[in-house]
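A, B, C and D are the chain letters, set down in written order, and residue numbers restart from 1 in every chain.
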Amino acid sequence: MSETMTDISAIKLSNAQIAWRAAQDIEDGAYVNLGIGFPEMVAKFQPEGKQAIFHTENGVLDFGEAPKPGEEDWDCINAGKKAITIKPGTAFFHHADSFAMVRGGHLDVAILGAYEVAQTGDLANWSTGKGGVPAVGGAMDLVQSAKRVAVLTDHVTKKGEPKLVASCSLPLTGVGCVTRIYTSLAVVDVVGGKFVLREKIPAISFDELQALTGAPLHVEGEVADLICPEL
Amino acid sequence: MDKTIASVREAVSVIPDGATVMIGGFGGSGAPIELIHALIDHGAKDLTVVNNNAGNGHVGLAALIEQKRVKKLICSFPRSADPRVFTEAYLAGEIELELVPQGTLAERIRAGGAGIPAFYTATSYGTELAEGKPTEEFEGKHYVRERWLKADYALIKAELADPHGNLTYRMAARNFNPVMAMAATYTIVQASKVVELGGIDPEHVITPGIFVGSVVEVAKPAQEEELNRAEAVYP
Amino acid sequence: MSETMTDISAIKLSNAQIAWRAAQDIEDGAYVNLGIGFPEMVAKFQPEGKQAIFHTENGVLDFGEAPKPGEEDWDCINAGKKAITIKPGTAFFHHADSFAMVRGGHLDVAILGAYEVAQTGDLANWSTGKGGVPAVGGAMDLVQSAKRVAVLTDHVTKKGEPKLVASCSLPLTGVGCVTRIYTSLAVVDVVGGKFVLREKIPAISFDELQALTGAPLHVEGEVADLICPEL
Amino acid sequence: MDKTIASVREAVSVIPDGATVMIGGFGGSGAPIELIHALIDHGAKDLTVVNNNAGNGHVGLAALIEQKRVKKLICSFPRSADPRVFTEAYLAGEIELELVPQGTLAERIRAGGAGIPAFYTATSYGTELAEGKPTEEFEGKHYVRERWLKADYALIKAELADPHGNLTYRMAARNFNPVMAMAATYTIVQASKVVELGGIDPEHVITPGIFVGSVVEVAKPAQEEELNRAEAVYP
């Protein structure tokens, strides 16, 4: 698999490109929660004319961009403890109200990272199972209750192992919760316990992609080319 | 994104026969009279209505009942200064009543909005309103298990609204309105004033827009108590 | 019993006097909910130097007195739908938060009326069991969760039947919830499933009072004279 | 009635060894640093602490842990920019950890304040954090039963307070503070400014005074993030 690895590191999408692709699917006016880290980039790539409203677990809806360095107000942060800003339309609320939004199914989309996603939609993204200090945050709440749960991830681990798998080996974050996976090579939906390939980058063949995926990729109708701007 | 709609007529036109509709207010305080009257004009029937009360006089919820649009009422206190409309319909067997203790009603609605399908409360333990419900002992005290309450639509009276649906309320007119806004699939708001985005301080927002489907401005809304003192009848 | 009835109607306390007596037991700074109707009078009789904070189910804490006629704001009412006013310290909140205060045990005292109170502390005050339209309001929430639940009541019904009984015949509001009963003739505590007489009006003898009470009155220590100002 | 107290030292002096203490804040935002530092000075030990996190650097909650006052921590996310203090104590077996999903933590605390001994949530169903907990199916979906969480004391950071304990918060520093204020037997508040009664608009009160035991003014409170950037250590 090392040969393939060399290949894909040259052709795979960057994290920014994966985030860009995910951003294209967000409807105008959608309420969206972005996971800490790489998923946060999605906010930057909303297409013209579409404006999502972002929610952060610690009690802010419809917040603005990061402030300039030196202008941070540390009472105004997001779930990643990064400074944010207010803008017209921002609302503050307490943590129980914030998770009432989550648990009550009011979020249209939650976008998270993953260690593994199973073909059943099971997600593992909170614990490597290796000991150390466990930490879960709001992920378990988000994945069980947002109307649509999408994952952004490299298609394979740094060691080249598949992250899309038949069943997760790591501790689960949620059961049957993921509906779409945006990877560095493809867009894959979870439908009825199966991975259905929707898009792949033109530079990789179906068979090569399948070899990098831990469970069968099904095709239903067209597989579109996954083409992103340089980012 | 702009959730504002031009008229109460248009706002309620989405409500079909047979819908479950939460209506905010405690007595007349916070009751969205103009939305209720528009719902009467719209004509939807066989409704299940959730409200703390059962109407007063011949306006608002009482008028909706008098027009025979309500199949079932879920409430805590179906009495008022002039409860005749409900009382007669109920005693004639024309309307079903589910009586719920007031705090349990509020919490069931909040649970519906917060994704909590069931919770335990000491309220009503050992009474006939707990009959048939599971009970359990926690730390030596007895509790009744209650289920969430959700609705297809909520009709809400707010004071200020912005185009994203962020809301404030006026004094004790807040009451059930914020929790009902959470518990409905689609929440329709009448606000005394629609302000521009940013017109409500982020720290003063009581209902964030995520809970709101549409907003219509009703400047100088009618107050049920005043209508009743003037012996108003609708339609 | 009609002879006794005649007697007691002349010597019994007025509703205002019962409310006055209950008010004497409310600590400074106590959070108190007063039931609709006659218990509302308690607010008027707080002793000098003691200031309770009143809660009303529909989402107001620390409200002021009734406005002058013609100055009512019907967005500012209490649970009895009577107009109230704001004052420095008033807070508004929604119904779920209001009953979180109740159910969470944050109220120091709830004072309600009664059809019947049993020696076990069971209370019946919401339904005469006769058909008609049932209505419960917030009574069931209040009686199960306030730290102290007190009842204000005539000692007997209009027909002269005891309202303090061995066990309630009417539908219950709550089980074992009442701890003190202020009647038109006496102050009675509920202790370990028994009525314990604390105070009685001087004009009635213990035996007369017992004859008007549907379960044994116990005496533990002194029975004080129940003396109220003319009200 | 006046709930104001002159100093943070006096305010926390009521907290005994072995107490369960909720501490508001999400990371450094809303963390009552001065109250925590006063608690360190006070010396109470064997504490069970409820907080979303496990401290950062060597101030605030991290300092309380570093001083070996915390027997058990209930939190959702014991990581931070500099989590060494907790990590070392945990790996050395010196501190017990109960890990709770963030929304479940908030709701368990709210339930503690609202008299709800148990509730059902879909969160954590099928995961190892649900092991040993009762589960139930409602309307075709699986839920886990969670218990309320209460505390003896809560340490809260507010923006404005009045003498009756009515509170407002500043921006996202609100977070866990209002629900923790509800869930503790006795809530101790540090406020950036104590205003006179009536100084907070009744419609802008976030925590009504009924949930507050005492209030101490801490003008210009420290911000954990800034202390850590300055590499501060307490004591």
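One rule holds for everything that comes next: a residue touches a chain if its C-beta (ideal position, glycine included) is under 8 Å from a C-beta of that chain, and two chains touch if they have at least 3 such contacts.
Which chain is which protein? Per UniProt: A, C = 3-oxoacid CoA-transferase; B, D = 3-oxoacid CoA-transferase subunit A.
Source: prediction; values computed, not measured.
Q: Compare the CA centroid of subunit B with every other chain's and tell me the farthest one.
A: Computed centres place A farthest from subunit B.
Q: Measure off the straight-line distance from the CA centroid of subunit B to the CA centroid of subunit D, and report it in whole Å.
A: Inter-chain centre distance comes to 34 Å.
Q: Rounded to a whole Å, what is the gap between the Cα centroids of subunit A (3-oxoacid CoA-transferase) and subunit D?
A: 30
Q: From the mean C-alpha coordinate of subunit C (3-oxoacid CoA-transferase) to that of subunit D, what's the distance rounded to whole Å?
A: Here the centre of subunit D sits 37 Å away from the centre of subunit C (3-oxoacid CoA-transferase).
Q: Show the residues in subunit C (3-oxoacid CoA-transferase) shared as contacts by 2 or more other chains, in ascending order.
A: Only 86, 92-93, 96, 99, 102-103, 145 qualify.
Q: Using the touch definition from the top, which residues of subunit B touch two or more other chains?
A: In subunit B, 107, 110, 114-116, 121-122, 169-171, 174, 202-203 touch at least two other chains.
Q: If you go through all the chains, which pairs of them touch?
A: Every pair of chains meeting the touch criterion: A-B, A-D, B-C, B-D, C-D.
Q: Under the stated contact criterion, what part of subunit D meets subunit A (3-oxoacid CoA-transferase) in this complex?
A: Of all residues in subunit D, those touching subunit A (3-oxoacid CoA-transferase) are 26-30, 52, 54, 76-81, 83, 86-87, 90-91, 97, 99-104, 106-107, 109-110, 121-129, 142, 169-179, 206, 223-226.
Q: Can you check the complex and tell me which residues of subunit D touch subunit C (3-oxoacid CoA-transferase)?
A: It is residues 1, 110, 112-116, 162, 164, 166, 182, 196-199, 202-203, 205, 208-211 of subunit D that touch subunit C (3-oxoacid CoA-transferase).
Q: Applying the document's contact rule, which stretches of subunit C (3-oxoacid CoA-transferase) touch subunit D when the two form their complex?
A: Listed in rising order, the residues are 28-29, 31, 51, 53, 55, 61-62, 86-93, 96-97, 99-107, 145.
Q: Name, in rising order, each residue of subunit A (3-oxoacid CoA-transferase) that touches subunit D in their complex.
A: Interface residues on subunit A (3-oxoacid CoA-transferase), with respect to subunit D: 56-60, 72-77, 81, 84, 86, 92-96, 98-99, 102-103, 122, 132-141, 144-145, 171-175.
Q: State the interface residues of subunit B toward subunit D in the complex, per the touch definition above.
A: 107, 111, 114-122, 136, 138-139, 141, 143, 147, 168-171, 174, 202-204
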